[in-house]
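Chains: A, B and C, in written order; residue numbering restarts at 1 for each.
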Amino acid sequence: MYQQENFTIATSGRGTYDIDDRIARIVEDSGITTGLCHVFCHHTSASLILCENADPTVRRDLEAFMARLAPDGDPLFKHDAEGPDDMPAHVRTILTHSAITLPVTGGRLSLGTWQGLFLWEHRTGAHRRRITVTVHGE
Amino acid sequence: MYQQENFTIATSGRGTYDIDDRIARIVEDSGITTGLCHVFCHHTSASLILCENADPTVRRDLEAFMARLAPDGDPLFKHDAEGPDDMPAHVRTILTHSAITLPVTGGRLSLGTWQGLFLWEHRTGAHRRRITVTVHGE
Amino acid sequence: MYQQENFTIATSGRGTYDIDDRIARIVEDSGITTGLCHVFCHHTSASLILCENADPTVRRDLEAFMARLAPDGDPLFKHDAEGPDDMPAHVRTILTHSAITLPVTGGRLSLGTWQGLFLWEHRTGAHRRRITVTVHGE
């Protein structure tokens, strides 16, 4: 059994957006008991992470880490057609995930206690980001 | 056909733990000939890597690389509730993988000659890490 | 329904190789309408990325980024059995992807407008790289 659906997230610029509840609901509505849930982000300047979900400082520190690793306006980068955050956004996407597959167990998304699924917007401006979720199993 | 099972690994602190044989056995016991094997780590300070499996120096060098990139006690990080290795462990997890999907061919895990699957414990102390394996195919 | 096939790519050394069309054709030939396509690279010094596909400067900048992060001949690395690019190639593989799963929708690979799938050869010399593609769905 394969259930596939799309949604979009309106981001207000760089930062992490919790999509756990939305994905969990799709899994529960699918009627699948045992299987997998594939989450896909159709963009090259936004990505997915499974991250500590309790202390927001963790995500603030991840931003600081990425800003040090690939700073906006880094003179190393030639590709800046859309601004100083253009190429850093591609680097951050490459280093994290466009696709994450999660286990479905007992009809539910089976994440660890501290794992949250986040869309990470890497551009400083607002964007609409498209996500496709495919749940499969039996 | 979907086969799902869990196991835990007791780590003795930071380092890589070979889980190849364990995963290979689950695949062989599943009775699935052609398909995929999804391996999932339910934690935010331990992760999975597919890495060169012959020379342990490769994994020593990976540790050195990560220690340079996100050192324990890095003043950049504010989140240190569990110690100086707390936030670096989250960074290492984000930059590697919580989930890896591997091909199943001819009833066996189909890795490259030099590919080994490792759990990478990023905390300096011992932990118990939970893994869920889902094999599916026909 | 599970369709699995292999192919090899002859690389001419470090750089990115577009494999979109090849994967798209396998998906279209599979007869699968809704499902997923798993792409797997059987090596530890070459990897897969989903990257901006319009401006080649993006991939040039990614090379520059990786060369700064893990330079060839970096004195941090002890593993250099195959030369100064040996360990940097493993690091680049770990930080990107050996496996990527893509949605199949309406009988086609469903990527974003700007997403291209590339094999990234990390060794400076020419190699043959083996890819396994598994399409599954209904």
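By definition in this document, a residue touches a chain if its C-beta (ideal position, glycine included) is under 8 Å from a C-beta of that chain, and two chains touch if they have at least 3 such contacts.
Quick caveat, the model's predicted, so the values are computed rather than measured.
Q: If you fit chain A onto chain C using the CA atoms, what's the rotation angle, as a multiple of 5 degrees?
A: Roughly 120 degrees of rotation.
Q: Specify, for the interface formed by the sequence copies chain B and chain C, whether it is same or different in terms of residue numbers shared by both sides, with half as the dividing line.
A: Under half of the interface numbering overlaps between copies: different.
Q: Let me have the rounded angstrom distance from the C-alpha centre of chain B over to the C-alpha centre of chain C, please.
A: So the centre of chain B lies 20 Å away from the centre of chain C.
Q: Counting only residues that touch at least 2 other chains, which ones in chain B make the list?
A: 69, 95, 97, 101, 136
Q: Okay, in this complex, where on chain A does chain C touch?
A: 1-2, 4, 38, 40, 42-44, 69-70, 76-79, 81, 87, 90-91, 93-95, 97-99, 101, 130, 132, 134, 136
Q: Which of the residues in chain C end up touching chain A in this complex?
A: It comes out as residues 34-36, 49-52, 55, 57-58, 60-62, 64-65, 68-69, 95-97, 100-103, 105, 110-115, 136-138.
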